[in-house]
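In this document, chain identifiers A, B, C, D and E correspond to the written order of the chains, with residue numbering beginning at 1 in each.
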Amino acid sequence: MNWLPRSWRQLWSTLDGRLYHFLIDVRPWIGWFAVGTMVFTFGLVFWWVPLEDVQGYPQKIFYIHVPSAWLAYASFAFVFAASVLYLWQRSRLWDIFARCAAEIGFLFTTLTLVTGMLWGRPIWGAFWTWDARLTTTLILWFIYGGYLLLRAFARPGVDVGRIAAAVGIIGFLDVPIIHMSVVWWRTLHPTPVVMIMDDPGGGLPASMLVTLLVSLSSFTLVFVYFLIQRVWQERTAENLELLETILDRTERGVKVKGEVP
Amino acid sequence: MSGPAPALAILAKDLRLELRRVESLATMAVFAGLVILIFAFVGDPTPADLARIGPGALWASILFAGALGFERWFAEEERNAALHGLLLAPVDREILFLGKWAGATLFLLGLEALLVPAAATLFRLDLGGAWGSFAILLPVVTVGYAALGTFFAAVASRTTASQLLLPVLLFPLSVPLLLAGIEGGQALAAGQGGEFWDWLGLAVAFDVLFGTVCTVAFGTVIEE
Amino acid sequence: MTFTLDPGELLVVAGPNGAGKTTLVRTLARLSRPTGGTIRLGGEDWLKAAAERQREVGLLSHATFLYDRLTALENLEFYARLYRLTGPGRRIRQALEAAGALDLADRRAGTLSRGQAQRVSMARAILHEPRLLLLDEPHAGLDPHSVRRLNDVLADLRTAGRAILFTTHDLARVPESATRFLILVEGRVVDAGRRDEARDGLERRYERAVAWIGET
Amino acid sequence: MSGPAPALAILAKDLRLELRRVESLATMAVFAGLVILIFAFVGDPTPADLARIGPGALWASILFAGALGFERWFAEEERNAALHGLLLAPVDREILFLGKWAGATLFLLGLEALLVPAAATLFRLDLGGAWGSFAILLPVVTVGYAALGTFFAAVASRTTASQLLLPVLLFPLSVPLLLAGIEGGQALAAGQGGEFWDWLGLAVAFDVLFGTVCTVAFGTVIEE
Amino acid sequence: MTFTLDPGELLVVAGPNGAGKTTLVRTLARLSRPTGGTIRLGGEDWLKAAAERQREVGLLSHATFLYDRLTALENLEFYARLYRLTGPGRRIRQALEAAGALDLADRRAGTLSRGQAQRVSMARAILHEPRLLLLDEPHAGLDPHSVRRLNDVLADLRTAGRAILFTTHDLARVPESATRFLILVEGRVVDAGRRDEARDGLERRYERAVAWIGET
């Protein structure tokens, strides 16, 4: 980005440093807060919110299922943003963010799949049907699985960050198109598959809505905590590596330019 | 911007390399044929099903054969680090991409020229008058697939497991194209014109979007 | 590391294995991005220069950059088109001539012996008459006869006003025409100067530099 | 004959290389998963069809993933001409083959351990009590396929189009195994014990025959 | 071509590019079958000998035979098992020591520089203490320091009674310990003899031989 004035760059590089340290400081608080709300959520789900009359107990999965699905989406949006920022700023932090967000997103997608399947068993009498949204979710899972594998297979001496960023962007752009095409695939011609997923989450009784929102917020907190934690781990690991190489070289009596960030 | 001339140079070189051994195109055709057969086995379709599985088998075979091809056409550049020779040249990355993309598209089209008749006879596909529309759908889908394929071949070539990683990255993202191909074909077979145009539109949109994105992103992927 | 290279100079880069010679050459050719530092070519920032400017550098590397299944000639024709050269035929012949690879023109690159391939890719490097020529161990794998021819060519190019940088391990075979030298150890310049300053010969100079770093 | 020790050395080396990056097994699993997904699109199954396509999709995914794997495991030896290092060693070609074969078999089995449950849920396969017999069929088919695959990976590696040629040579010859897998599975699903044993017998015979042939022929293939 | 090589001899093979040196070496190592002729090792027909006999030859070639994703040490451990060596640990250390690659033991082979990789594969070649050692351009890509060490090692191996054949282009760097020489042009022996016969140095001898063939 040559057109970018130098000062901006400096601003950014200091800014992401600040941002990083701030997050590290608040990390423990967020952690405990997440635990608290999580406990509270489960309290609501099991003792407060009334049983859904048609489905009965299985329906309670709803409160895990939906938030994890939405957070999966959120984290992939995160990957997209971080990837763009990385290609723009070329600062390691964004690369690490993208990667960790992808990991967590993959985790939540898995959770969505699992809870969904557990839910489907009693409701549809089968773990899986080739329904539109299920299929999209599965594809999403594949896409970001691939993204993580790509990073894992980095060739020594190649900066995967840039490559992964490109893939992250393309992948994210593709998701809505995939969703649309899959929906057409299932709906444009008659199909006997249960279409339960397509009644929107509207029409919910207030109590359920409240519970859902509480659960959603607690999941969000967990998400944020995971993200910061992972980023911190990655950063630290990288710095350690750098230190090792420098020490190794100084041992061999060779001075090195540049110091640890 | 260095003009399109270098892109043509690359295209010509790729054609020459492939035509030097027509076998490789033939082999890909045979491979695709095998894929079709396997699908026939697996679905073991009753005559009624045939028409239903047909388009799918055709497109799946193109999907797989393509994935093999992309990996191979890019590996060609990896040997003796010939790719570095290209990067060394006074040519913008975008132009390099266009060259490779064009080559990939041509080969896929050549492949399809062999596959479509084969699949049509095997699965008793009969689009009657609709073949014309199909002749539009085919290249549209192909161009988009070639773009994604070339791009991800470059991506995969940067890893230690290219031939493994390429399909894993490529297939999920190609789903819209695959579906456009299959469903569009079936729509034609069932004579539902309107639906067909929907799918065609989807494919075109896909081409435009990812054609540009891949061309732009290629540079960041390829340089070290 | 800091050093400058003017037109008409022939710079020898030496250093023990793993010193960073190849890395240096690749970086100058913009094949790999430096983590830091700046490179200026003809005054302006090389790392930001347009792709078009690439025609000002030519590179001979450990790898040949040749397509095994094309003949030497076809390979060069391809590169000629890639560089949009005018009068490719003549240029190619001259390059092959200079690299002493005329007789290999119609051989598939894949069937060439190591030294033969080396010569063909030398032809590739000088094909577009670059202002800056980067050669990574051009002498490796060449027979004495080819080495002499290569050195003559380098001398000619230099007098033609090109800037040439080449790495080597064999300081005994460094051509007379070399004007300056640079000795790397572990990625740092430990000695550099004008060739004629090195009174007692480059070898001794190299020995002292390397010994002084205390690498054995 | 040099004893089996070198074969173990090769096996250990291959395991180390793969386990160093567990990812590669994961990638193959993902790839196989994608193949299954594609089958779903192609056959777009009504719940009724599911069980019919299921076994086929499973075996097809194993077939494709295997083909990729073989190519890769052999390409490993091609880089830096490491294969020449093996040929240089005081080890009979047969032993080399056994080493590679064992490795391939293990990886395929590891892969199947992941695939079978996945396919079972996605296609609602339920063999009830027959899972036991299926657990016999699976490895039998796998061993045979690994033998053919390793052998043809060697053959293909001698050509300029290995990743293209491998499946073309491998798939047709694997048809008996593929059928044994599919039909045997369906027989179990349909609870026809007798038929199942026929298919199992076929697979065993196939293993014995091609296991020996490949082991012997390997030497002549890889020498130059 | 006909020539014999006795234990304790160090044979230098020289010749212009494409003379057939690599081909010769590969044939002796039974990596490629000759179209005709016979090779005898210790009296009996080498081309028909059992695979087990392979442990009597060691080869260093243009390619490294190393697995990029294993460390140098792991590579050697693998080959040690392949050769069923007793006391691999000690042997490996000795080999690395001799090849001057001890410090590279834990580096992934894929990340080694050219000369570094060359040294590790030298260790691989001598690991199993072969009676006949075949080295194709062992000096290529090595820095002067490594060259000297290599030459010392060759001398030791020779006095230890090994038969050694190596090809080179750089007759100036041929070790003192070389006992005999062989000059190839286009697959034919054009000159051969004892090193000390070549009074006026190998270079001149080589020049005459090649010139005499009239190849320029």
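The criterion applied here is as follows: a residue touches a chain if its C-beta (ideal position, glycine included) is under 8 Å from a C-beta of that chain, and two chains touch if they have at least 3 such contacts.
Here the structure is a predicted model, which means the values were calculated and not measured.
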Greatest Cα-centre separation from subunit B belongs to chain E
Looking at CA centres, what chain is most distant from subunit D? C
When contacts are scored as defined above, which chain pair ends up with more C-beta pairs, D-E or A-D? D-E
Could you put a whole-Å number on the gap between the CA centroids of subunit C and subunit D? 48
Geometric centre distance via CA averages, subunit D-subunit B, whole Å: 27
Could you work out how far the Cα centre of subunit A sits from that of subunit D, in whole Å? 35
Give the residues of subunit E touching no fewer than two other chains, as numbers and ranges. 69
Sites on subunit A at which at least two other chains make contact: 139, 142, 145-146, 149, 153, 157, 185
Touching at least two other chains at once: which residues of subunit D meet that condition? 21, 23-24, 27, 30, 34, 37, 41, 44, 160
Interfacial residue positions of subunit C with respect to subunit B in the complex: 29-33, 51-55, 57, 59, 61, 63-70, 74, 78-79, 81-84, 109, 124
Okay, in this complex, where on subunit B does subunit C touch? 2-3, 5-6, 8-10, 12-13, 16-17, 20-21, 76, 79-82, 84-93, 223-224
Which stretch or stretches of subunit D touch subunit B in the complex? 21, 23-24, 27-28, 30-31, 34, 37-39, 41-44, 52-53, 56-57, 59-60, 63-64, 68, 71-72, 75, 160-161, 163-165, 167-168, 171-172, 178-179, 182
Residues of subunit C defined as touching subunit E within the complex: 14-19, 22, 62, 112-116, 118-119, 137, 140-147, 169-173, 203, 206-207, 210, 216
Using the touch definition from the top, list the residues of subunit B that touch subunit A in their complex. 151, 155, 158-161, 165, 168-169, 171-173, 175-176, 179-180, 183, 186, 195, 198-199, 202, 205-206, 209-210, 213-214, 217, 220-221, 224
